[in-house]
Structure formats: C-alpha cells, structure tokens
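Listed next: structures, encoded as structure tokens.
Two complexes follow with chain A in common, the first pairing it with chain B and the second with chain C.
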Partner chain A sequence: MAQPFPYTYYSCDCYDSATLAPTSKRASHPARAEEEDERTFDPRNPRSNYSLYPLEHLLYCEDCRQIRCPRCVSEETLNWFCPSCLFEVPSSMIKSEGNRCTRNCYNCPICTSSMTVSSLEPPKVPTADDTGGLAGPFFLSCPYCHWSTLDIGIEFEKHTGITQQLARIRNGGKVVPTPKEREKERDKKRDAEARDESVAKADELSPEDLNPSEPPPQEELFSNLFAFYKSQLSLAAPSNPFSPHHDINFSSPSSFSRIMNLYSSTSSKKQKKDKPAPMREACSITEGLVPYNPSLDAAAVEALKTHGWSHTLSPTQKLHQTSPNTRFINELRPIPTLLRTKRGKRCRTCRHILSKPESKITSTRYKIKLLGLNHIPRLSVRALSSPIPLPTMAASTGSQGFDYARLSPGLPTHFLLTLSNPLFDPIRITLATPSTTAGKVQSRVTIMCPQFEVGANTDVWDDALSSGLTKRGATASTDPGSGTPQVEAGKIWDRGRNWTSVILEVVPGFLKPIPGFDFGLGGELAKKVDDEHELDEDDDVLEIPVFVRIEYESEVAAEDRAAAGAEHGRAGAAGGKEKREEAFWCVLGVGRIVGGP
Partner chain B sequence: MTTATDRKVSIGRARPGPSRLQDLAATPESPRTPLLRSTSSIYGSPGGSFRSEDEYVVLELGSRYLRGGFPGESTPRCTLGFGPDEQRRVGDYRQWDPEYSTTRRKRKRGQEWGQEFELYRMDLSDVDLGLVEDKFERVMREAYNKYFLLDPKPRRVLLALPPLMPRELLSTVLSVLFGNFQAPSITLMSSPILSTVAAGLRSALVIDIGWAETTVTGIYEYREVHQRRSIRAGKLLSEEMAKVLDAELAKNESGSSTALPDQVSFEEAEEVLTRVGWCKSREDYPQASATSSDDDENEFTDASEIQPNETSISIPFLASRPPKTLTIPFSTLSSPAETALFASDTPLYDLDDHDQPLHLLTYHALLHLPIDVRGVCMSRIIITGGVSNLPGLKSRLLSELQAIVQQRGWDPVKSYGSASKRRNQLLRKRRQTPKTNLPHSAKSTESTDPTNPPVPLPAGLADPEPDEISAKLARLSTKTVPAATTLGGVIRGVESLGAWAGGSLIAQLRIRGIVEIEREKFLQHGLHGASREKEVSVVPQRQTLGPGVRPGAGDRGSWSLGVWA
Partner chain C sequence: MSRPATRKAAPKGEYIETDSGNKVSRRAAITGTANITLGGRTVISADVHLRGDLHPSRPAPSSSNNGPARDAPPTSISIGRCTVVSAGCVVRPPSRVSRGAVHYYPMKIGDNVFIGPNTTISAISISSHVHIGAGCVIHPFAIIKDNVKILPNTVVPAHMVIPSGSVVAGRPARVVGEVGEGWGVSAGGAGGGALGGAGGQGWVEGGDLRELVRGIR
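For the complex of A and B:
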C-alpha cells in the first residue's frame, strides 16, 4: 500500500448500518443481513476500501459514542475562498459567478500549476518599485512548464481583471461579443429572418451559410437554445394559461378575464378554437439547431495526421478544461482556479457538530474538533526483530531495522502490537483475528495475548514519578538476538503508563500455491505455477484484520472526566460510573511478502 | 423583443422566482400582471412563491462517468470518473507517486476489460450493489464538496439516466441521493430525450455510442418509440485498440529477444484511443467488405504497408519497461473503429443480433419505425455518447447509412431468395418512376419534380391523388411554423449539446418530468411505492378555479417510474 509499512486502518461500520436501514428492497441479497454477525472483516473486499480510514481521518461523535468517518458526517460550507489568492468569496458570488476564482488566478492547462501574469515587454528601467512602469501587453505563463497564453494567441491589455479580458478573447485573439451583445445580435438576426421568411423561403440556409466552418461555442449554442425554448414556451402559454405548471394567480388579468368569461356563452367556443399549437423545433443556428458538418470531422482528422500525438491532450488535461469539446493543444484555455471551502461537519444521526474550523481563511485552527484520535485507542505495529536468524534478512536490513517490504513466507515473524489509550480511564481490550488471513495468500496469524488492560491516559508526570522508568529501560535494552524466550502465550509483552504491547505472531503465506509438500520446488516448475497464479496488485501485502473491543468505566458526565482522569484512584468513590463498550475492526498492514523462500 | 433583456435581468438576479410567470409576462399578446407586484399573501393567490425552493442539481449518470452541475449552465461543473484511482482507501496516495505513472498495472484476474473503471453494468448478477453504492456515494461527495460548493440547503436533483436501467440499480442510486445527499425530490429523465432537447428538436434518432453498448433510440415528439442496442461501443473499441497496439508492439519487439509479451494497460489503450484514434471516411476504406474476412484483413494490412510515404504517428509508452516510443502508421489507428464499430471485416452472417455494426443497427432502427416517424427521424440523427467524439466517426456513420438506404431502400426483406428475380423486375420498373418510397413529409417538396413520365403504373406505385384538405392543412401549418422544421426524408445529422445540457435546459425552464420521486415516499416504500401506470399526466385535466386548485399542481398523489417501471 502506499502508506509506509506498518500501518493501521480503522474501519467505520457506517455502511453496514446504512444498508440495513432503508433498503428493504435489496432483495437480491437476502442472506446478507444474517451473515452480518458472523462475517469477519475482509480487507481485500473492494468495498472495504470505502470503510477503512487512517485514524487521523476519523472524527468521533460523543453523543452517539461512535467513530464518524467522512461518509457518515454531513458537511456544511462555512465560507468559500480561492486557494491561490486567499480571497474570500461571498456566497452570492458563488451563485452568480460559479465555483471558480474570478480574479487573476489561473492554473496551467498542461501541468495545473498556477500561472503568473507577466509583461511581454521587458521592463525598460529595472526599478522594482515602479509599478506604473508595467507596460505593454501581458500574458499568463506557467512557471513550471512554460506554457503561456501566447501559445494560444492571447494577450491582455491590463494585468488585472484577467477573467473579464479572457472571457472576451477567443483563442487566436479574436474578440468575442459579450452575452448581452450576442443576445441583441440574435434578436436582430431573428427579426431579419422573420421578415425574410415571407419573401424568400429558398434561402433558409443562409444563416448556416454565413458561418459554415465553425459552429458557435457551446455556451452560445446553449444560450441560443435556452432563448428559443423560452420564447416557444411563452408562445404556448397563452393558449393554456391554466395548465398546472403555472401558478395560478387570481390577480392576473388573464385569469380575471377567464373568470369573467366563465359563464358567458361565447367564451367556451373561443376556448375551443385556439387549440394549443405544439411547440415547434428549432430551425436555425440562432435557435440552437446545428446540422452536422462533416468538414469539421475531416479537419480534425487532418490535424491529427499532421501534428500527431503531441498536439493532442491527455485525458486529465481534457477533463480539466471547462469546455468538453477541447481536443487539441491549440484549443486549450487557462483554467480558473477552483475555489475551496471551509466546511463544518456534523454527525449525520444526531446532528451534533463534530468539527468546525475558524472562519478566518488563513487560520488553520478549529473551534470544535472531536477527533477519533482522542477517543479511540491507537493500534500500532512494529516488528519485533525476528527471532529466527535469517541470512537474507540480516544481510539486507542489518541490525537497525526490519524490512517490512520483504516478509519471508513460511517463517514465523513476531510483531509488537501496541495499544495506547487516549482516554482518561483504564480500558480492557479484547482482540480477535481470523487465524488465517483472507485472500489468495493465506497467512497464519496468532495474537499471543488477546485480552489485556491498558492504563488510563493520566498526567505524563505520574508516569515519570512512578517506577515506569526502569521498565522502559529494560525494553530498550532487549537486543534482537536475545529477545526470543520472552514470547510467551497469554502474557503481555510490555506495558507503560497508557500503553500495552502484545506479541503478534505471523506466518506469512506463500505467494504461489505450494502443493503441500516441500519448499524445494524446482525453479522452472515454480515459475510455471507463478505464471498461472499471477497475483494482482497488492495481493502480496499482508494485512491482518483485527477486531478490537474496548470496555471501560467512565464518569457519566463528560466534564468530570478530566478530574477523574487526574485522580483516577478514587474514581470509584465519585459514583455515577458507567460501563461503556466499543468495538470496531482494524486492519494492520504489516508488510509485503516476497516471492521466493 | 424588448422583453428579452428584462427576462435576462430577472434570471441573472438569482432570485429563485416563479419563472413560469415570467414567461407569461414576457409574451406580448395579452395583458398580464406585472411580475413583481407585491401581493400580500392573504389576498393574493397562493402563487409561485411557495415553489421557490426549486433549486436543482443536474446529474447525468453513465456507467463510467458522472456529470454534474447546475441548471442554466452550458457545461457541467464536473465530470468524474469511476476509475481505480478514485477507489483507493483514504490516505492511500500512491497515485501521486512519481513512479506510479510509469508502472503498468495489470488487470485484475477474472475481470473483464475495463471492469474496474465502471460504476455498474447492466448484468447485475455479478455486480455488488453495495460497491456501486460506495462508489457512487464517494463520487457524489466529491462533486458536492469540491465542485458544487453548495450552501447546506438541500436541492432537488434532475437525474439523466439511460432509459433501461435495472430497478435494483436505480433504487441504489436513488437511495444514495435521498439518503446521503438529502435531495427533497429527484426527477428522472431519460438521456436520449434530453439529447433531443439539447439539439433543439422534438423528434430525433439518437445514437448513443456509450461505454458498454450503443443504443439507437427513435424519439418522436419527445417520446421514445423504438430502441435498439448493440454491444459495439466504447468497451469493444478500446479493447480492440489494445489488441492493435499489442500487435504493433510485438512487431517492433520481434527483433530483440525479450520473450515477454507486453500487454498494453487499459489506461494506455484508452489514452491512445482518445488522443489519436480516428475513423476512416467511407471513401477511404477499401470497399471490399463483401468478400470473406481473411482476404479483407490481408488487403487492409497490405494497404497500410504499401504506402510508405504515409504519415505515421509516434506514441510514447512511458509505463512500459523500458519506456519506449511506438511509431505506427496513421491508418492503423483507425482500424479499431473499423473492426469494433463497423465490423467491416466480418461477414454479415457472422453477426448476431446483439453485435450489429452501428450503421446496420441504425438502419434497422429506422426501418422499424413507422413510416412517418421514420421520415422525421432520419433527418434528425443525433450521434452522441463518449465514442462519438472520435474524429470522423459521425460522418462515416452517416455516409454508411446513406449508402445502405440508397442500396436497399426501406425494404425489410434483405434477400428474396428465389423471388428475387421478380423483385428485381419490380425494382427496375420502380426506378423509372420517381422514388415513391420516400416518406410522406418529404413528398411535399419532392413531388414538384417535373420529370414525371406519364407511364401507366400499378396502383400501389402510383402517386396518390392530391389531397386538397391535407394540402391546405400543410399550408396552414407552414404559415406558423418555419419550413425548415418540417424537413424530412433525407439523412441529416444534427449536433446535440448532450444529455447533460438538455437536463440543464429543462431544469432551468422548470419543466416537470413525468418521473418525479419525492423523498418521503421513496424512503417509505422504496421503488415499490411507484404506481403501476407508466404515464402520469403532467398536465392534469382541466380544473375549476377554486380552492381545490393547488394540490394538483404542487404534489401528485402517486408517482410513477415512467419508462423505468
């Protein structure tokens, strides 16, 4: 996995509970609910990718007493800002201007790094403070890959308000009319068409002939279509003003006249007469109809032929473009920077706020932050240096470390599983794991001591003052070679103030299926087997699902907890104790198994 | 049209207003209430202000991409894929590893080509719906949080879906939208219809060349009247491209001794396809498709080798080890489209019903339409879907179609067997007369042809006598409707802005769909709550003006699944 070994993932079980709730209709999997209890967590299941999180990504709802993952919180946006200029954008702007920065922030369409505005003319007098001296046409350029708007033939007159300027320039420097101008133009054209229509029907094709090569850009077409539909709907409307689409308004003259005519005999006839004419379809480019033009296709093929691979865009570059029809490198536009948000998070079930950042944009602090880190014991794994001397291992890793990416199959390896307790109460832990891991490579896993206690997260000084010091020193001194005899079933390895570590024995499985007899298969035979049973990506990663159950007693009231933690010796006297229990699945990624024995 | 600008202003103000009323106000014909007259709610009617919460999010869901955005915008805010990189665990940042892009990933065992890039497939037997739910939820969360940047208010959803969708899948998608994203209601629209809307048409033949399959849908007056499908679509095309690239790579390798055959990964094949893939025009392709497949293939490869001066294209493969650049003739890049979409090398009798090549599929779809619908649809052919962006594909498809129609006419019988002689006679006879097999609507323009020889004809082939009444009706209708809209009988392609843009238009114009699902009702009953009848009238029967007017407009008693039922 991409995280360095060893790592721990925590599973949020929200998807289980979510599937149980509203979906009585999932009839195709009736057996699932029953299996739910006996099922062990399978980290290889593609679904588990969606429920596993590093501990740092988890929040904790104190009211539900549950882990909350990004899936089971609802988010609300507090404010919007541009990550590049850190300008806060009001929500009204978001509605009107969209989700991108409207100032001078642009990203390079090739490499997505942020672009800078620079002047074409070299500054004549190299005085830095002369801001007025910035002269001449400007352009946007990428400091990383040196793409610039000059490549698409765009220059700017001013160095501010790039968005407004860019909106008016098409690639190649042609000026685009603003939407308003376009609308006027369109109306003019349509009027002209209407006048012409009676005179000469023959030259209907004239609007298409006027611009034969290039269809208008998507935006313009869209607005043409929209205007067309709008006018058509409004034409259709009077014939049927009482259709329920419209909110009937008693005060409108049309309905008034209808009320007046309700009882008169003439009106009913009149009503019948004007049958609603069906809305017609668009018939010209000003109304949004673009007949297919084969010359464009031919041109695209020709461009491909002459310019080749480097002229085209990669899929990601294409996706970044706002216009979906961008194909070639000369059609690129600089990408306005996407705005970001600061979001508060609430628990989805009880609506309590789980985290809320400070609203100031440059501040990274939080007003409320209920982290899983502070409520869930942290499991961490590290290798206990291998008791069985291994020539390869010793050679490759030396004495200082253990190579997690090279676990040898078939050799028992010991890992130290340490649980540290963030709570102010001592906890009892029960661990469980399936004895063999799921998946293609079956490894055997044994937790030497599945039940133990972890001390409370008391003041650090308590630890220092108590006799813990000597103990720790002892742990540190256990050197790799001599540590073997201490591994003993049913006993914890070591403990400290708020942590306890136990031994995890792992026998990594074989990557290629061994038929059951010896390891000494011939090289070529093994190769053949290997080819047949090729492994997928990450099949060789040894991940151990562990079920963790915590029991502890704690004060009922949350605010007393700190006090109770400080002097937990007489916690029993305080009364109001409450037994609490939590359970969740964890996945320990201990390493990668190497191929050969 | 002075009112146009006024309207514009009121849109731009982002006041979620009763825009239907604005429509009313905009028409000059009859007197109308000024829009913004403030009526107190007691004396005024319960007007549009109550429905002001109709803010929409427009989504288009395909098997590989989700498009999402807001109504009134021409392009979606985001297009998100369902690739494996989007499915990693949180905190798994390997895709940003510089080495990641230069290593080639193998396809997982037992998975079909491109399977891990799909959200769903139509065959649900091996689809884990829970996984679909997970994927969809994650993508939607990304869309909402990263691209929509919404304020917390829940919004209605307009969801464009393919018209055939397994119910389980539909209910999974809906439950995510209702459950996790608190949508108050979801309107389902079928994507071919939205494509039609986005082309400005009422009727069309929508050829949607998607990922798993190509669907050809005949739309008449905004209704789907006929649909045909074929598996010749994006998936087959990219697989074919991978095969071609593999072969070319092997050819290049043959000199060196590396025995390991290099397999192009899905990403690479797709990148090559989208970047430099193209489709030959009909004239370019050697017309030998009638011969057997082997000959044809030889001829094809020969053709590409014979011309040494032909341009070739070099394609870098960074992920192969060592990185190499493959130089292949430009024409080779068009062969996947040839084999996968048009099946030019395969004799017709080898083709099954489910893998008809696109031009035949289109032809058959047209053939099975009623004749007047066919006339309208054939001149409104919309080619959409991801693959339709392949340069040259649209013109090829249209010209192939044109060729078939010229060759065969609209005769459902392909081979007359022993009767073919008689048939040929008939045809010859008919050829002397002007084409009578053109559909109705074209006739008005074509019948003016003066070269009508006065040969005595069998009654079936004779021109019908001019009908005074229908002529008059036609004249009347052309008075109100421009003649361009009555075009029919010729093959013509029309560009569409795509289903998403259609959805955006519809939501912006506040047109209500037939399938509108309310959150409460769905959460109570699921999809079983839908009424059985397919058509719920969106235009309820005439109602009297009175206190009982509102309920009919606001919410409907029952909801239906329309075409999805």
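For the complex of A and C:
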C-alpha cells in the first residue's frame, strides 16, 4: 500500500507463533520474549509484506490478549449487496443467480468504470407533457472512456431491466432466445430424441449445428452441460432409495450429501455392488458438446490480420469478461457489477467475535468492534526539525519544511517518535531497534531514550477539563524553534497526559558505497555491499524495525478473577492488580534516501 | 533544513472566522455566497473556488434545510461541520443538459470530510468521514458514501457510486480495498489525546477533524 511518509506499520506475529512449538501460551511467554530478543524483524523479508498492517486494520481479541490481523481472523458474510445500486441481494438469489448484480449495474469492459443508461434520441424540444426525454432506444455508455454498447451493436428498448434485455441480445443486435427459453427448447428437443431413438446419431448434428458462425454463448453451454449431467446422475443412481430420480438440486445440502453418499458407497462397497455403469459424455450440441470448428480459428487469424493488435484485449480486460473465449474488442460484453459483502470477523483461535457490523446496508455502525488501537500504543513518527505539515497545502509549495522523500545519506537526522497510550493504566515502554537497518543500504538508528513511561488514558471528562494543559504540552513539542530542550541521550523529549515523545536519531546509509570508506561496517561486510550494490526498487526506502514491549498493572477484571487463577492469577494477583505485558514489532517508514552523498 | 516555525505562508489574518466557527480564507474565490451553506468549523482554504453561482434554476425542494419555506435562495453547495477544503480546490455543482437548458443540481458534502489540495469536486453527494487525497478529480454526479478514502490523484468517473468503507484509487477509480475497522478512530478511543493522530497531529484520516480545524490559522 502506498502510504505517504512517515508511516507506522504493526506486525502481527500470528504466522511465526503458529510455526513455533505450540506450547502453553502463558508458560512460554518469557522464553519467547528471549527468542525474540535474538531475532530481528526484517521489513525487507518478503514474508513481512503479509504481517505488517496499519493500526486501524488490527483487531484485538480480549480472550487471547493478542492483536488480530486480517490473517488470523476468520470472516463470515452477513449479507451481499451491489456496490453500485446499494441493493441487498438475498443469499438465495446469490445461489441461483450468482454473485453479480442483476439490476442495471454494469462496468465498462474497457476501463471498469460503472456505466450509465442513456437515451439515443437527442433531448426533445421542451414540451409540457414530456417526461424528461426518456424516449428509447437506450444504450449503456461509459462516462470515462466513452465506450458504449453501440460499439458492439446493442441497443435497448427500455431503460430498466437491462440484464434481461442484454441476455437476449448478441453482439451485433441479433435477438436470441433467453436462457429460460433455450432450456425449454432443449428439453423439447431431448424429448423428441428420446421418442425416436432409432434415428441415426449422425442426424443430430445438422450441418448448421456443426458449423455455427460463432461458438455458443457461455451460459448456454453451461446450462446444457448442467442439464446433461443432472440427467446422467439421476440415471446412474436408480439404486439409491433416497434419490427422487429427477431434479437433483445441487445447491441444497441434502442432495449434495446424497451425491456424496453415491460416491462413497461406490468406493467402500465396491465388492458388494456392481461397478456403476460409466457415465457417458455429452455427445450432442443440446447436451453441451462443442465440436471443434476450424473456421472459428481461421476467422480469428483473419481478424488479427485485418484489424491488428489494437483489436485485441489486454489480459485484464479479458479476465474481466465472464466468457473465457473473448478475444477481440467486438466480442466484449458489459460486465455485470460484482457484488460486495458485509462481513463479521472472529478470532481464529478462540472463535470469539471481534467485529460485527450492523447488517443493514446503509448502516455504518458496528454491534461489536474490538480494535487493536484501543489496546496497543500508537507510534507516530515525524521529523523533529519541522513543524507538523499542514495537510491543506500542496506539497509542491514547499510549506512542508521537511522532505521525507529526500533524506540525505550520512547526515544525522532527528525524528520525534511519539507513543500514545489508549489504556486506562500507565504503561512502561521498552523500545529496541537494530543499530543498523537490514538490507543493502545500511542506516544507523539510535533511540535516545529506549525506556520510559506513558501516562494513563484518563477518561473523556478529564480530557475535557485538562485540555488546556495538554494543548500547552503539544505546542511545546511542536515548536522546537524557540528555546527547546536539547537532544540528550537517556531523556525523553516531551510528555503529555497519555503520550510521551522520544528522539530517534537516524543516519541514513549511502545508496552507493563510497570507495575507501566502509561506514563503520566490517571490511568484509563493506565488500559484500560493494559486490551487490545494484539496488532494487524501494531499496532506498528507509524503514526502521522497532520492537515495542509494554508492561503495566491492571485491575483484574471481575470475571477473570472469578474464572480462577489457573490462567492469569499466577502473574502476581496481589491487591486485585495483575501485571500484564505485551510485545510486538512495528516498522517506521521514515522516508526515502536520495542518491549520492 | 530547519526553518522558522511560522507555518502560515500568508500574511496575518489569512482566515475570516464566522460566528459558527467557519474559517474562510481571504484568498478563496467564492461566487454565489447566498447559495452556499457551511455547517460550522469548516475550513475553506486559499485559492479554493466555490461555485455557488451555479445553482438550480428551479426553486429548491421545500425539504431543504432552510426551515420555513420562505423565498430562500436555492442552495447549490452545502457543506457540513468540521470539513476541510484544502488549497486550490474547485467545488462545482454538477450539471446536466435537459430540455435544451443547463440545469445545476445542489451538491451536498457531509461532516468531517477532508478534501486534499488541488482537487476538483463535482460530486452530487459526499457523506461524512471521507478523506480525499490531493489532486483528485471527482466527476459530476458521483456519490461517495461514509468512511471512504480516496487516494491522491484518483479520477472518479461521473455517476460512480462508492459504497461506504471503500478505499478507492486509479484512473478511472476502482475500489482497491477496504478501510480497516479502526477507520477514523484516534488512539485512546473516546479520550484521544492531543497527539492521538497518525503523524502526532491530533487527528486521523476519516476521524473527527476538529483538531485539524483548530490548528489552521
């Protein structure tokens, strides 16, 4: 994700903790902390991409006392809705109609922008009885790239029910029977076949069928095959007493288990029963057979020859099409809008609900929402030398003061690292960072004061009463120009009600090694750097891994105390207080190093 | 690198503050003032162009927020509380040609909406807690629901509906992700401190922008 500098990502260790030996969580905690002391989080590790999240994406499981990232929660769908018309689609309809909007919502097959229905007639001369110029014919058009269904020769009679109308019109405007009508047609044909089976098979493949000018549409092919295998299954399973011999509904769980039984019985009771007769394959077009048609290939080659490259589709455009055989722009169809879901989230370990939005589509509220940012401190970083940039000014005006995208190599730069505490108890923080960053560009990092306390997050009324005080603190820290505290090792920079700032000194590394200067690295390491000084994309981004450990004493929750000391009571439950600690890695993206000294 | 701590590039008194706490830059170009409503504590930065003169020709429906149905001027732009319109933005109500005439439609922007610098807005409606990056173009009649983040330099095509909770980017705009559950919640929950924000600035994207508004002088 492209975040502007400076940013902070938080690491969820769910993958690593899953790979560690699954010992009792409480007992192994100190041991694991020690292990983590040894192991440094490397933000450049490809795996890190999948464990780093912005704070607002993290949830917190109060039972596991762990942050939960999108990887270690399980999602459950509450409902489906169309992102364009915002109508909820019942789940029964999802099963029958699929996961696309069946109203008038379409996306442009060229650029994915959502399409609008317009009238082909120019707006009428204003008359009193006119209904706003809603006279057909209509067409779908893209407001962004101006592709329209007229490009594929499709017009509509009405401005509503586009899906039904579109199902009946092929590209070029040829009206074909709807899938329902086609189904009926097919059943009729099959019945006819069944009646006079003596008719030679070759008869079925009429020359017109054998040589269609275009392949059958995907939906027709699917419904033909579906009907064929349905009939084959019911034929193959007459011995199954539960089978009603017809109309197996694949979407119902009972018939699904029936089908599964069918398979398992053939395998387990093989010796008891005869082998089932092998199912025959589709052998006519009504059954879903697609005979190879060389003329189609020839036509494709011809189209390539005459229209050239610009007539073909890009891979993305091709993937967006519902039919996998679409090759040329004249075969494009408008894309019915994919539905979206509203989802609740559960802890994958203990199954507790972590977030549950209200099911109404229009509501943005949550019934349950356990946020990570209410449980772990927020780390924010910014350059010390400049005031907080005003986001309302364009970056190019130079009012930002500090250019995070142009860090000078070799020049010690001070950053202000602020931790704010969301908890109602004061916390003790221990920060740790590797002295040089991993990767090809080695930057030196020093946290001036790695151990400090952050005040409790007192409730909202205290905040309101002491707002003047916090404000004063804030201005002191944002205003380093006038009589500021010195950058001093072992001392915090500033603190407020529930936040503390410390200084982070960074010496950005050199993108190109300087000959004869190994920059404090061992000669061997410098040589290594020299050997592979070829930089990859984003190697110049300065990301600092920081290990954060918080310790605090908290009131033992009543139910926890009742739930016996077996679990947490061990951890010093004296006086109704218990000691808690939490630790995690995070990554501070402080900027981009400019090339050359 | 260090420069004097004057963050104001403009001379003193850059903003005119109204009774309800709106801050309007003296350098903003506002036309059709009578057709614009600001909800209070809303910031209109320098070089912003609000086209209030492009108002509906028909009288606004009586359900408009003007209380008694007197002969009030039609509303063309209505902006809610604590919304920040950054420098260089153009806010222009959408229009449609119908019956041979151009008709403008009133635009509504909700509360706590941040609109980044040099963005052009012609949406028909933007709900609350929306963060729009710099250099975006929102084409006419787009509808942006609550809790949406639009990344910088996005072009939202005309008539696009962006459902709530989306992260949108690209030209044309597509939904590229979802905002997290913690969207707009500053650290410390209800009692978020003065430095709760992501850059230590007391506000977060999609959250309450009061602190940001207070800091603009």
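Following the convention adopted for this analysis, the second predicted complex is superposed on the first by the 376 of 597 C-alpha atoms of A that agree within 3 Å, B and C clash if a C-alpha of one lies under 4 Å from a C-alpha of the other, contacts with A are read in each partner's own complex, and residues count from 1 in each chain.
FYI, a residue touches a chain if its C-beta (ideal position, glycine included) is under 8 Å from a C-beta of that chain, and two chains touch if they have at least 3 such contacts.
What you are looking at is a predicted structure, and each value in this text was computed from that prediction instead of being measured.
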Which of chain B and chain C A:P324 touches, first, second, both or neither: first
Touching partner for A:Q442 - first (chain B), second (chain C), both, neither: neither
Comparing the two partners chain B and chain C, which touches a greater set of residues in chain A: B
Partner chain(s) touched by A:P83 [first = chain B, second = chain C, both, neither]: second
Chain B versus chain C as contact partner of A:P54, first or second or both or neither: both
First (chain B), second (chain C), both or neither touched by A:S118: neither
Partner chain(s) touched by A:Y229 [first = chain B, second = chain C, both, neither]: first
Contacts of A:K369 with chain B and chain C, given as first, second, both or neither: second
Contacts of A:S355 with chain B and chain C, given as first, second, both or neither: second
Touching both chain C and chain B, counted on chain A across the two superposed complexes: 1-2, 53-54, 56-57
Residue ranges of chain A in contact with chain C within the complex: 1-2, 6-8, 53-59, 81, 83-86, 111-114, 116, 123-126, 130, 132-133, 142-145, 340, 345, 355, 364, 366, 369, 371-374, 377-378, 380-382, 385-395, 397, 399, 401-402, 416, 418, 420-422, 457-460, 462-463, 467, 470-471, 473-474, 477, 479-482, 496-499, 501
Interface residues, chain C side, partner chain A - complex: 1-5, 7, 9, 43, 45, 84, 86-88, 97-101, 114, 116-118, 134, 139, 145-147, 151, 155, 157-166, 172-175, 177, 179-183, 185, 187-202, 204, 212, 215-216
Touching residues on chain A, where the partner in the complex is chain B: 1-3, 9, 15, 18-19, 21-29, 46-47, 49-50, 52-54, 56-57, 70-71, 74-77, 80, 91-92, 94-96, 98-99, 180, 183, 187, 190-191, 197, 201, 204, 215, 218-219, 221-223, 225-231, 233-235, 237-238, 241-255, 258-259, 262, 277-284, 287-294, 297-298, 300-301, 304-306, 308-309, 312-315, 318-319, 322-325, 327, 338-339, 341, 343, 534, 536-537
